[in-house]
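Structures given as structure tokens follow.
Both complexes shown next keep subunit A, but they swap its partner, so subunit B is in the first and subunit C is in the second.
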Partner chain A sequence: MATFTEKLGNIDRRIIFTVIALSVVIPLAMRFNLPIPITPGPSTDMFDVVEALPAGSMVLLSFDYDPSTMPELQPMAFALTQHLMRKDIKIVSMALWPMGVSLGNEVLTSVSDSLGREEYVDWVNLGYKTGGGVLIVRMGSNIKSVFPEDYDGNSVDDMPIMDHVNKLGDFDMIISLSAGDPGVPAWIMMAGDRYDIPIGGGCTAVSAPQFYPYLGTGQLIGLLGGLKGAADYETLVRIGMENPPPGTAIPGMAAQSVAHLVIMLFIILGNISYLAEKKKKGGVK
Partner chain B sequence: MNWTIFGIWLGALLSLSLYSFLYKDNPFYKFAEHLFVGMSAGYWVIYTIKNVLIPNWWENLLPAEGGMQPIWLIPGILGIFMVLRIVPKLASLSRMSLSLIVGTGAGLTMTAMFQTNALAQVNGTIVALGQGGGWFNWVSNIIMVTGVVCGLVYFFFSKAHTGIVGRTANVGITILMVAFGASFGYTVMARISLLIGQTQFLLFEWLPTMGIHL
Partner chain C sequence: MRLFVPLTITFVAGIIMILQFFVPATQSMGESLQEWYMIVASFAIFIGAANLLQVHAHRIRFKGRNWKYSPVTIVGFTAMVLTGLIFGIEKGTPFNFLFLEMVAPMSATMFSLLAFFVASAAFRAFRASNWRATLLLISAFVVMLGRVPIGAMIWDRIPLISEWIMQVPNLAGQRAVMIGAAMGMVATSLRMIFGIERSYLGGAD
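Right after this comes the complex of A and B.
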């Protein structure tokens, strides 16, 4: 007959899935909130740089992701766009990923409508072009030759926002919300290091560790990593705001924290079982 | 018919079908999986033709203002060469297109890659240990420099990993394990985030269509 520690090490995976599912569903359904303490780090660095930009600055916002990473990157896009538009910073958006265009347009339209901003004056969505790094290099010398028209097919020459933008060097900052390649590394390599433009990044949690070296060297001025980065930014943007707009990252973090606790519990149980069984067989002295 | 509600129901049922695999393989999962693969392939073909081939090639070959630009026949021919991989006798022609892509890519990224991922990183590792930032920065800098040196020693295979070299390599592998652990933690966070996103959709978009408001 199996001992308790043996049973502990052989819990049916369906039980684990069910417990993890409940640890996510219950906090969300109960609208359970946990505090999100903001400590100095890549998220606050990003916020501080955007906060320091004067009104009228030009920011290039690149939506380099697709629906598969929406839960992590879309809340970041909303929080960043709200921050930029509230500060009256002009946004020129584009995408290195085909489906990033429509996701970006959803964010820009929604935030612009809520804040009364005007398309082609305060923001424009240039759309998607293939090419990745090669495209960025071309944009370094002439953006309008790469994007003669915006996402809706209107000529960029007729847009007030594009009056003072001819090349990448005309931007005060570039932000890439990236789910992979092409994304943050391509912007650092082909724009940041070449033209000395500050690059900010938002990425999925999976890819965040690989971008930390760029923070250490200053090649990235800030980084929002996964849902935590999005929740940090949402929290920072809401400070001092009356009736802040609803976000999805902050409620999601409560579920995330509970799920992490459950996973840690399972890891501990698994290790207890492993060590107990090994000791029983004389493997651990 | 309310297409928004139809879309929400379709999304919800397909999500639940895919999650049903966690119990065991079943026809609902298979259906959703095959539908996803087929839809993705079809979507990408149309998207590529409409958003890549037509604006970047066709409209340059035959501009709206009239006339033909024969120079644009070259990328067209190279593109056809790529497709010829499916004809065994002509498959070798695709090498011309591939070599152009590889050559251009390598030429464009070689120096940039070296500058961004090697020189700048080496430069970032050469830090004045006692420079500003208080004791926390001092300790961080020591760990970073030690980590880089020991990590490099671990990947130095021309000398046996014994004695001082072995001990240094052990420190290196320990630091690598810490890095992998951090990476795994982030991966867990990412996967749970995806589950949270889909759960939010089911709870706050799908359930309300049935009059259930949480």
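Right after this comes the complex of A and C.
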């Protein structure tokens, strides 16, 4: 007959799945928010750089992700766009991923409508083109030859926002929200390093560790990593705001907190079982 | 000839792309090659779409493994293409509705399943079997707590320790991996340019 520790080590995975599902669903359903502690790091660095940009600056915002990573990246896209538009910074957006265009358009139109910004004057969505890193290199010499029309098929020559933009060097900052390749590394290597433009990034939590070398060298001026990065940015953007717009990152952190605790609990249970069984079979080395 | 032509194209294109950084006269040739690359990459999308239809049509015809899912793929593909071509892709169109209300939630759902498998795999495999694994386990716990607000509620220094782990040991490891991968990439690229590495030709010797 199986002992208690053996049973503990062989918990049915359906039980694990159910507990994880409940740990995410219950906090989201109860809508309880936890305070987001802001500690100095890549998120605050990103906020500080955007905050220091003067009104009228030009920022290229690249939506390099697809719906699979939307829960993590879309909240940071909303928070960043709100920050940029509130500061009267002009946004030229594009995508290195085909499905990023529609997701970007959703963010831009929604924030623009809420803040009364005008398309083609305050922002434009250039759309998607294939090529990844090569596309960025081509944009380095002439953006209008790569994107002669925007997402809706209108000529970029007729847009006031594009009057002073001819090449990547005309931007004050580039921000890539990326879920993989092509994404942040391509922007760093092909745009940041070549044309000396500050690059900021946003990525999923699992890919954040791989970008720390770029933060260490200053090639990346800030990074929003996963839902935590999005929640940090949402919190920073809301400071001093009378009626902050609803965000999805901060409510998501409560669910993520509980889910992390549950996963840690399962790891501890697994190890209790493992060490007990090991001791029984001949002692812990 | 079957080997000579692709190897020559690879050699000439590779050399031009390197020379354009050092010889201004080759810069325009490099730019032309980049233009060609983007055109070829655009065609690859059509090849991918045609291949998808061909694979699933073949599976339905010969009742291959899981063939019942193939009609769903073809119907979904056709619906997106037709709504996009007929009504456009702007906000408020049927294409945009299908994308935001069906494609987006379904894709996000697939990615979210990762959390369940990570939890199950961590429970079964994340064991403190020796001091190195224990160190990894402790680091993982600190980073996991440091990434959520509850970590700071337990002890306000946890987020700082978590950030230190990311900025020092993680950075050192990542940099080592990155430098190794970059050197490997340079070596592989040179082997391809000089025709030593030929596996990209599909196994031809």
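Odds and ends about this structure:
As a working rule, the second predicted complex is superposed on the first by the 283 of 285 C-alpha atoms of A that agree within 3 Å, B and C clash if a C-alpha of one lies under 4 Å from a C-alpha of the other, contacts with A are read in each partner's own complex, and residues count from 1 in each chain.
Following the convention adopted for this analysis, contacts are C-beta pairs under 8 Å (C-beta built on N, C-alpha and C of every residue); 3 or more make two chains touch, one makes a residue touch a chain.
Model, not experiment: these values are computed from the prediction.
Legend: residue contacts after superposition of the two complexes on their common chain; A:L269 is shown touching subunit C, with no touch to subunit B.
In the overlay built on the shared chain, the residue A:M70 is in contact with subunit B and with subunit C. Once the two complexes are laid over each other on the shared chain, residue contacts for A:R194 go to subunit B alone; subunit C is not touched. In the superposition on chain A, no contact is made by A:D88 with either subunit B or subunit C.
By the touch criterion stated above, A:H260 is placed in contact with subunit B and with subunit C alike. With both structures placed on the common chain, the touch criterion links A:D170 to neither subunit B nor subunit C. By the document's definition of touching, of the two partners only subunit B reaches A:L28; subunit C does not. By the touch criterion stated above, A:G252 is placed in contact with subunit B alone, subunit C being left untouched.
Of the two partner chains placed by the overlay, only subunit C lies in contact with A:S102; subunit B stays clear of it. For the contact definition in use here, the residues of subunit A common to its subunit B contact set and its subunit C contact set are 13, 17, 20-21, 24, 68-71, 129-130, 134, 137, 205, 208-209, 213, 216, 226, 228, 256, 259-260, 263.
Residue ranges on subunit C touching subunit A, taken from their complex, read 31, 34-35, 37-38, 41-42, 44-45, 89-91, 96, 99-100, 103-108, 110-112, 115-116, 118-120, 122-124, 126-129, 137, 141, 144-145, 147-153, 156, 159-160, 163, 166-167, 170-171, 174-175, 178.
On subunit A, the positions that touch subunit C within their shared complex are 11, 13, 16-17, 20-21, 24, 34-37, 39, 41, 66-71, 99, 102-103, 105-106, 109, 129-131, 134-135, 137-138, 141, 152, 205, 208-210, 212-213, 215-216, 226, 228, 253-254, 256-264, 266-267, 269-271, 274-275. Only residues 22-23, 47, 51-52, 56, 104-105, 108-109, 112-113, 115-117, 120-121, 123-124, 144, 179, 182-183, 186-190, 192-200, 203, 214 of subunit B touch subunit A when the two sit together in their complex.
On subunit A, the positions that touch subunit B within their shared complex are 13-14, 17, 20-21, 24-25, 28-29, 31, 68-72, 98, 128-130, 133-134, 137, 185, 188-190, 193-194, 204-206, 208-209, 213, 216-219, 225-228, 248, 251-252, 255-256, 259-260, 263.
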